[in-house]
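Each of the next two complexes has subunit A plus one other chain: subunit B in the first, subunit C in the second.
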Partner chain A sequence: MSDPTSDLLPEGLEDRLPQSAAAAARIERDAMAVMGAHGFDRVRPPLIEFEKSMATRTDGLMTRHMFRFVDPRSLRTLALRSDITAQVGRIAATGLSDAPRPLRLCYAGQVVRIAGDQLEPRRENLQIGAELIGSDSAAAAGEMVELAITALEAAGATGISVDFTLPDLVDTLAAETFPLAEEKRDAVRRELDAKDAGGLTDAGGEAYIPLLFATGPFDDALEKLRAIDAGGALSSRLEGLQQIADRVRGRARLTLDPSERHGFEYQSWFGFTIFADGVRGAVGRGGTYLIGGTGEPATGFSLYPEELVEAVKAQESLGNKLFLPLGHDRSAATRLRGQGWRTVEALSDADDAAALGCSHLLDGGEAKPV
Partner chain B sequence: MSETANRLLTFAVPKGRILDEALPVMARAGVVPESAFHDKADRSLSFACEAADMRIIRVRAFDVATFVAFGAAQVGIVGSDVIEEFNYSELYAPVDLDIGHCRLSVAEPAEGNPAPLGNASHLRVATKYPNITSRHFERQGVQAECVKLNGAMELAPSLGLAGRIVDLVSTGRTLQQNGLVEKERIMDISARLIVNRVALKTDPRVAALVERFRANAVKDAA
Partner chain C sequence: MSDPTSDLLPEGLEDRLPQSAAAAARIERDAMAVMGAHGFDRVRPPLIEFEKSMATRTDGLMTRHMFRFVDPRSLRTLALRSDITAQVGRIAATGLSDAPRPLRLCYAGQVVRIAGDQLEPRRENLQIGAELIGSDSAAAAGEMVELAITALEAAGATGISVDFTLPDLVDTLAAETFPLAEEKRDAVRRELDAKDAGGLTDAGGEAYIPLLFATGPFDDALEKLRAIDAGGALSSRLEGLQQIADRVRGRARLTLDPSERHGFEYQSWFGFTIFADGVRGAVGRGGTYLIGGTGEPATGFSLYPEELVEAVKAQESLGNKLFLPLGHDRSAATRLRGQGWRTVEALSDADDAAALGCSHLLDGGEAKPV
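Here is the complex of A and B:
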């Protein structure tokens, strides 16, 4: 007797069947085409690398969230990638260290993590992204935010909304403006993150409470943040934000949340999160960072379109199929394929056009509706 | 974004302890449920609101956090104990509503615990809050084995289920009646307005609602 549980997929993993596979493949293709058109060259790093190398390239990337095992050849620990950004950083620091800067690279591939959580049980994700290596200026950030929006639009996302943040805000302010002991910073960051005014006071961060109010539509929030920044410690960052926002104004709804840090483990002065209609959670994020080991500045973003695939897959067209009966005109079939038809060839008399999902039938050298 | 404007905002409130105190606070922010909400015989779980673009759902406190974290409800009211227990990354708690005050504490039998904490690296605790409890004991270098109960924690020590309990305490009367004493306070609790992270960033109505609750809270504090 067969065991019904033996073919279950592990939790957080799924097969993409034709309809959703088509949507996922199209989204990847369209987004990559946009990046290619903007001068980003594609790289394809391997699925598995030495754990140590992944850990050094991006500060804060937790290798304990990766599948790890011992390499029988080198006896060193290997890790399955959970973020391609770290791999692109390695490429920029090694194989392409002599390439002229700024270096523009893009990538797409599957990433996995060892455990999902209740909110996001998915353990495998498609990651599509681009990295601009050699600069973390406001000009670079503006280019990357606009590219991310354009790539998502091409992939079919609507109602795009971009939320800006300043990932190193607490450290910058703690140095002078609102002095804060090193050991209290984590607690203050955590409460700011949860936007918990009560918790923030308990953690000794009363001075940081105004930051909770400096969030919302970009222009208003920036105004409030300017008012908080009496000492001027943030002025270059605020200028940068303004410049980026001016570049993408009108392309997306813009908001500012200076103390946001979800998913910004290794970003430096600037970070952004992208949302789209019909997609629960963020559809992508990016920002400026330093490549570990070399300290080279870079700006990049990653899109995680799995939920977007879920949102659009029902409308995805697989294209019309044309049934080729036994003994059909093969040159006509070739000609019609050239025109974009997808053909389905009969293997025996028992094959039925409609049952095989064909809308048309090759008859007398022409496609006729079934 | 026209799509979000047409959708109903869902406001989740907890059954029980906090609700009576929360209703006036909600009313001042303009969130007033239809009269059926107060009808004890009404078995519905979802209620219309005076504002046409909002509905109120009444669920268990722990479920308020889950509904809001998943974005099934955009806004809710729940105790900080629940927020801390789940530690959901998608939850914001922007306003301390200053209601529903109590504390989460460790309690032990009054006649002394047969297994004092000092010489144990492992102990068993009955609680509704396994995450907070194990984090609390981890900080003391103790691995706590939590027995998850959904109520009547106070029975656990006398029946030998667990040596101690971690539970909400307000007056301490329930503990006393069951022969327990409060040993250690883990955290102070008050009710918070919670919102879904993505909803706050993408739906202007959510931000406006937070602003109304916050303005009232500031007025009260002054």
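Here is the complex of A and C:
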């Protein structure tokens, strides 16, 4: 016998057992089917890459959050991916650099990070996403927000809400509208993140305080933001937001929190976070960005459906199981599988239909209740 | 601009671009659907585990072939999985220890190993498989061989052949039939692997030479093996082989190579290797074994479809793409997606249907050829 403690999994890692694995697999399949139907082609980058390559493609992606190890073959440092977006950016810049733009790619796969935190203790996640490469326009953003909503609906999410943000808000306003020296901007961003009016004043960003109140339901918040933007520095952004919101109005509850930057380390003018009823935390996040290295504009999103799996797994159907007794009619079994039955074959007389979770058994070529 | 060499992937790792990713995703989906229809429930173990736990579950699984690294959280060594079978054994022994037997589980996921070799340079593989836990009988083996064939057929493999082996052949014969001291058995196994009659004689295994000729088409080879097994030590095994072969006769070309041990480091009485037309090397492998730690009998197989992907990807259809001009009829687009069309939405006047790979465009609510 082995030491039972050797069977425990490391903190933040888990086995998905049948009910939960079925929910995860179905969610992945349904979300990917929606992306495929909207013209996004799947790519599959590898689980590990050179650390340096991972770091190049995305400014905000910290390789220090990745498991890293030396490759005995190349003697270079490899990293286990913590994000697939950066890998898709690499593919767009290399293997698919000659493909026509806009280039629509999607992906699904496991990602791992060294440290979970209290809010999100998981260290391994399923990441499902899509990237529209070659455009960061409002039209592109509208397509991607709607696609994220449609994919999540197909995956079983309900009560979807989308929170918009303007990741480069401070930089945009700091040039003229509310002048702010380069070296003060980080502090102002931090106080905006903290929603701390006093802190903003201390940081020399008193002019930014009204932004703290331009949040909430989309239409109201946008109006407040328009009033703040007297100089019109934000006008193209606000018009873009309006266009995106008009496209998905009625599909989701829309809110605006223009200074929210958490999770938007590499996005440019537009970002969004998606929530769903009964699902703890954000279920997805996306926005516009420039691909590291080439600077090509892109718009994308990632879904992290682990908590959605938790929310729906109890209702996930594993399908009806049909017990096939010893010496059963094999062609009837094949026919019934074709009708959607899941068959469970007896290996010996000891096998019991009910104990094996079968609701029916094959009798006279037909499924009869056990 | 980044250093272009930083974008190269490590040796043995690759991006799957759309054509190849679509083939891999379809193969995974079709093979998993077959396993599900035969009563196998999916599980999803994590990508990384404690090295010690990986090592416990499977005798033949060498953690020195895995990427390993220290977990800053637990300060213990973790390993990136190179095999999922051992993880499923752990699940059977822990989270599903109380589930009724036989327990049917299946899985699909990526596995990674440190070193490729000349025959198989890939360091990351897709592994798809099924484990029947609680039985290593001929009935269980027959079910699993047939399931492997059915799954591969659904995945698009043709001209399937299955090569049977008896992994514990030497141990079984060495007790009485062809007595052989414990310390000589390894050498005899090696010479049998090498198919070297002279080597066998030198190793003191002259009596084993006839085994080298009991190979080839199943019925002939089994008859030769029966003739060699005068003492009857193999009789239950040969009967089992016969039973398995009878079950899948007509579904695949069957061969027997009773002393083949390559890839069967942890199997017990029965092993099999699967090949398919046009696919380089083995496409799958399985057999009976005892789960490490608990010693519970089990029968399983793993498919490694990477070369099957290579063989079929050129024929893989990505589906017909339908261009949606600016201001298109959105309900018509939804309806056509429901009919299987993949739509590609125009973002601006510059977007060109043909350049974006669209065969049709939406015009008057209908798909018209471009």
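List of remarks:
Please note the rule applied: the second predicted complex is superposed on the first by the 366 of 370 C-alpha atoms of A that agree within 3 Å, B and C clash if a C-alpha of one lies under 4 Å from a C-alpha of the other, contacts with A are read in each partner's own complex, and residues count from 1 in each chain.
Please note the rule applied: contacts are C-beta pairs under 8 Å (C-beta built on N, C-alpha and C of every residue); 3 or more make two chains touch, one makes a residue touch a chain.
Keep in mind that this is a model prediction, so the values were computed, not measured.
Applying the stated contact rule after C-alpha superposition, one finds that A:290 touches neither subunit B nor subunit C. Legend: residue contacts after superposition of the two complexes on their common chain; A:195 is shown touching subunit B, with no touch to subunit C.
When both complexes are overlaid on chain A, the residue A:217 reaches subunit B alone and has no touch with subunit C.
In the superposition on chain A, A:114 makes contact with subunit C only, while subunit B stays out of contact range. Judged by the touch definition given at the top, the superposed model places A:36 against subunit C, while subunit B stays out of reach. Residue contacts after overlaying the shared chain place A:253 against subunit B, while subunit C stays out of touching range.
Set against each other, subunit B and subunit C differ in how many residues of subunit A they touch, and the higher count belongs to C. Once both structures are placed on chain A, no subunit A residue is touched by subunit B and, in the other complex, by subunit C.
Those residues of subunit B whose C-beta lies close enough to touch subunit A in the complex are 1, 3-4, 69-71, 80, 83, 88-96, 190, 192, 197-198, 200-202, 204, 207, 214. Residues 1-3, 6-18, 20-22, 24-25, 29, 32, 36-39, 41-50, 52-53, 56, 67-69, 71-74, 76, 78, 80, 87, 90-91, 93-96, 100, 102, 104-105, 109-110, 112, 114-115, 124, 135, 137, 139-140, 143, 292-294, 318-319, 321, 337, 341-345, 347-348, 351-352, 355-357 of subunit C touch subunit A in their complex.
On the side of subunit A, the complex with subunit B involves touching residues 119, 159, 161, 163, 194-199, 212-213, 215-217, 253, 255, 257, 262, 273, 275, 277-278, 280-282.
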